[in-house]
Amino acid sequence: MSTSRLEAFADGIFAIAATLLILNVGTDATGRDLGPALLHAWPSYVAYAVSFVTMGIIWANHHTFMHQIEHTDRTFLLLSVVFLMAIAFIPFPTRLVAENIQDPDAARAAALAYGITLTFTAVMFNVVWLYASVGRRLLNADADPKTVSGITRSYLPGPWIYLAATLVVLVNVAVGVVLFLAISAFYVLESSVFGRREPPSSR
Amino acid sequence: MSTSRLEAFADGIFAIAATLLILNVGTDATGRDLGPALLHAWPSYVAYAVSFVTMGIIWANHHTFMHQIEHTDRTFLLLSVVFLMAIAFIPFPTRLVAENIQDPDAARAAALAYGITLTFTAVMFNVVWLYASVGRRLLNADADPKTVSGITRSYLPGPWIYLAATLVVLVNVAVGVVLFLAISAFYVLESSVFGRREPPSSR
Amino acid sequence: MSTSRLEAFADGIFAIAATLLILNVGTDATGRDLGPALLHAWPSYVAYAVSFVTMGIIWANHHTFMHQIEHTDRTFLLLSVVFLMAIAFIPFPTRLVAENIQDPDAARAAALAYGITLTFTAVMFNVVWLYASVGRRLLNADADPKTVSGITRSYLPGPWIYLAATLVVLVNVAVGVVLFLAISAFYVLESSVFGRREPPSSR
Amino acid sequence: MSTSRLEAFADGIFAIAATLLILNVGTDATGRDLGPALLHAWPSYVAYAVSFVTMGIIWANHHTFMHQIEHTDRTFLLLSVVFLMAIAFIPFPTRLVAENIQDPDAARAAALAYGITLTFTAVMFNVVWLYASVGRRLLNADADPKTVSGITRSYLPGPWIYLAATLVVLVNVAVGVVLFLAISAFYVLESSVFGRREPPSSR
C-alpha cells in the first residue's frame, strides 16, 4: 500500500477524534443557571483546547515523519492502526479530566487516565517511527541520515516526559495537571518558535 | 508540509463539525406530543441551517485563500490548528442558542457564547491569513497583489461585525440574534451575488 | 475552486452523515430484557439500512453528475452546501421514524418529518444539477448533450415521488412508510439492474 | 466512477466508524467512585481495542483488493455501500458486548449481536470481492491470476469462522467471546507475521 492511503486514513482519524472533543463540552443547565454554568465549565474549554492543539501537533509531526517514508508493510500498517487507536482514545480521558478536575475525590483517577493515554500514545508514536527508521527499513532512499536521527532524538523524550508527569499525579494531582499543561505549551512553542530553526522538528 | 495535506485535514474538520450539528437537533417527546414538539423545536432547525451554511461559507473562503498560498511553515500550521479548533467549537454554542433562545432567562448567555465563538473564529481567520500574506511570507510567487489586498480588505471587517453583534446582545438579546442572522444572510448574498463580480471574495 | 475539493468535502459529509446513523440504533435495556429489546428494535435496523443505502445511492449519483462539471462558481458552491445540509439532516428524521413507527400516536409526525426531509433533499439535488447544466453553465466542454439530458430526465421525478409519498402519509401512515421503502428499493434496483444499460443513471 | 473516489468514501466510513467507537467508552461515576469505575470498565477498553484493530485490518485488506480493481460499475458500488453499512454498524454490537459481558443474563444476546454483525461483514466482504473477481469482471488487465486466487482463498474462510464462533455463543457465551478475541488475534498475527511472506494476504 502506498503511504498516501495511510496518510488519508490517519488524517481522517485525527480530524474526527479532534472534532469529537466538542461532544465533551456541555452543560445541562437551563434558565438563570445557564450563564454561571457556562463560566463554571471553564475546565472543559481548557481541556478541549489542550487536547485539540496536542492532536494537531501530533498530526503535524506524523506528517513530518511520513514524509521520510517510502513504502509500508503489513507490520507498519498494524502498528499505525494501534497508534491511531491511541489517538482516537484521547477524547475519553479528556472528558474525564474536564468533568472531574474540580472534584478532589475524582481528579486523581481522571488525571491518571489522561496521563496513561498520552504516555501510551507517545510510546506508539516512537514504536511506529523506530520500526520504519531502524536499519532504514521503510525510508526514502534519499532520506538524509542527519534529518532521520534528528527526528529520532526529538521523539524519544516524549514517553518519558508524559510518564514522569503521570507519576507526579500519584503524588500531587494539581502539580501533575499543571505539568500536562506545561508539556502542551512546550510542544506548541517548540513547534512554532524553535521548530523554525530545525525543520524536521519535534515530539 | 505541502498545503494539500493541510487542506485535506481542514476539509475533514469542516465536514465533521458541520455534520455533528445534527446531533443538536432532537426531541425526547413521544406519542401525541411528538408532532407539536417537532414544530416547537423550530429554533434548532434555524440554528442548524445558519451554522451549517456559515461553516460552508468559511470553508469556501478558506479554500480561496489557501489557493494563494505556496507553502506552509510550523507557525502557520499551528495557527491553522487553532483556527480549526474554533470551527470545531461552533456546534456547542449553536446548541446553546437553539435550546435556550425561547427562554428569557437563558437566551442572553447562549447568544453571548455564540457571539464570542464566532468573533474568535473571525479573528483567527484573519490571523492565519495575515500571517501568510504580510510581506508575502507564504504566498505563491505569482499571487496577484491586487487579489491579495482584495482578500485582506474583505476579511478584515469580519471580527468587528461579529464583535458589534455580540455587544448588542448585552443590551438586547433579540436584536443581537437578529443581527447574527443578518450577518449570515449577508455573507450568503455576498458569496453568491456580489461574489460573482469579485472572484476572490469575502469574509 | 476546482471540483475535486468540493467532491472531497461532499465525500466527507456523506461518509459522516451515513456513519452517524448508527448512533440512532440502540437500546437501554439490560439483563434479561436485552435479547427481547434487541429483537423489538427491528425498525431501527431497517431505518439504518434504508437511510444508509439511500445516502450511498445519492452519493454515487452526485459523483455521476460532478463528473460532467468542469468548474464551480460561488453560487454553485452555496447551492451545494445547502444540498449537503439536507444530506446531513437525514439522520434526525431517520431516528424519529425508527423510534416512533410502532406508536400510532407518533408515527405520522415522524413519517412526515422523514418525507419532508427527503423531498427537500431531492429538490436541492435537482436545483444544484439544473444550476450547473441549464445553458451548460458549468459543464465540461465535451459533455455529451444526450448524457446531460438523460441525467436531467432521470433526476426530475425524484422530488415529485417523495412529495407524493409524503402526502400519502397524511392519509395513511402505513401506506406512506411502505412507499418510502418501495422508493428506496426502486432506486436500488434502478442503480444496479437498469442502471447497467443506461450508464449515467438515476435519481 | 474511478476506484479512487470509492476508496476515499470507504476511507471516510472506516475512519469515522473506528473513531466513533470511543463514544461507547465511558462511565457516569463521579467522586470516589470514579477510580474503581474506570477499572471496572475494562471490558469497554478491550472491546474498543478489538473492534478498532479489526476495522483497521479490514481497511488494510479492503485496500489490498481495491488495488487489483481497474474500474467500478453500479452493482459493485451498491454492494460496496452495503459492505460499508456493515462496517459502520460495528460500533453498536461492540457497545452491547462491552456493557453486558459481565452480566450473565445479557451477555449471550450481546455476543450474538456481535457475532451476527461480524459474520455479515465477512460475507459482504466476500460478495464484493467475488463480484469483482469472478470472470475477472472488474480486475486490472495485468492482475496476476495467482495473486487473485490467493486473495480469494484467504478471504473465503472468514464468514465460516465468524459463523462458527457465533454458533458457539449459543452453547457457551464465554467460549464464544474468547473465540472472537482469538479470531482478532489470529488476523493480527496473520497480517503482520505470516502476511509478510504472502503479500496480498488475508481475511
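As written, the chains take the letters A, B, C and D, and residue 1 is the first residue of each chain.
Note that a contact is a pair of C-beta atoms (placed from the backbone, for glycine too) under 8 Å apart; a residue touches a chain by one contact, two chains touch by 3 or more.
No experiment lies behind these values; they were computed from the predicted model shown.
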item: Copies chain D and chain A - interface residue numbers shared by over half, same or different; value: different
item: Chain C on chain D, rotation in degrees - Cα superposition, rounded to nearest 5; value: 90
item: Averaged-CA centre spacing for the pair chain B and chain A, given as whole angstrom; value: 26
item: Centre distance in Å when chain B and chain D are each reduced to the mean of their C-alpha atoms; value: 37
item: Touching two or more other chains - residue numbers and ranges from chain C; value: 8, 12, 16, 20, 23
item: Chain contact graph, described as a line, ring, star, complete graph or other shape; value: ring
item: Interchain contacts (touch definition) - all pairs; value: A-B, A-D, B-C, C-D
item: Chain C residues within the chain D interface of the complex; value: 7-8, 11-12, 14-16, 18-23, 25-26, 30-35, 38, 48-49, 52-53, 56-57, 59-60, 63-64, 67, 188, 191-193, 195-196, 201
item: Of chain C, residues touching chain B in the complex; value: 1, 5, 8-9, 12-13, 16-17, 20, 23, 73-75, 77-78, 81-82, 84-85, 88-89, 91-92, 95-96, 99-100, 103, 105-106, 108-110, 113
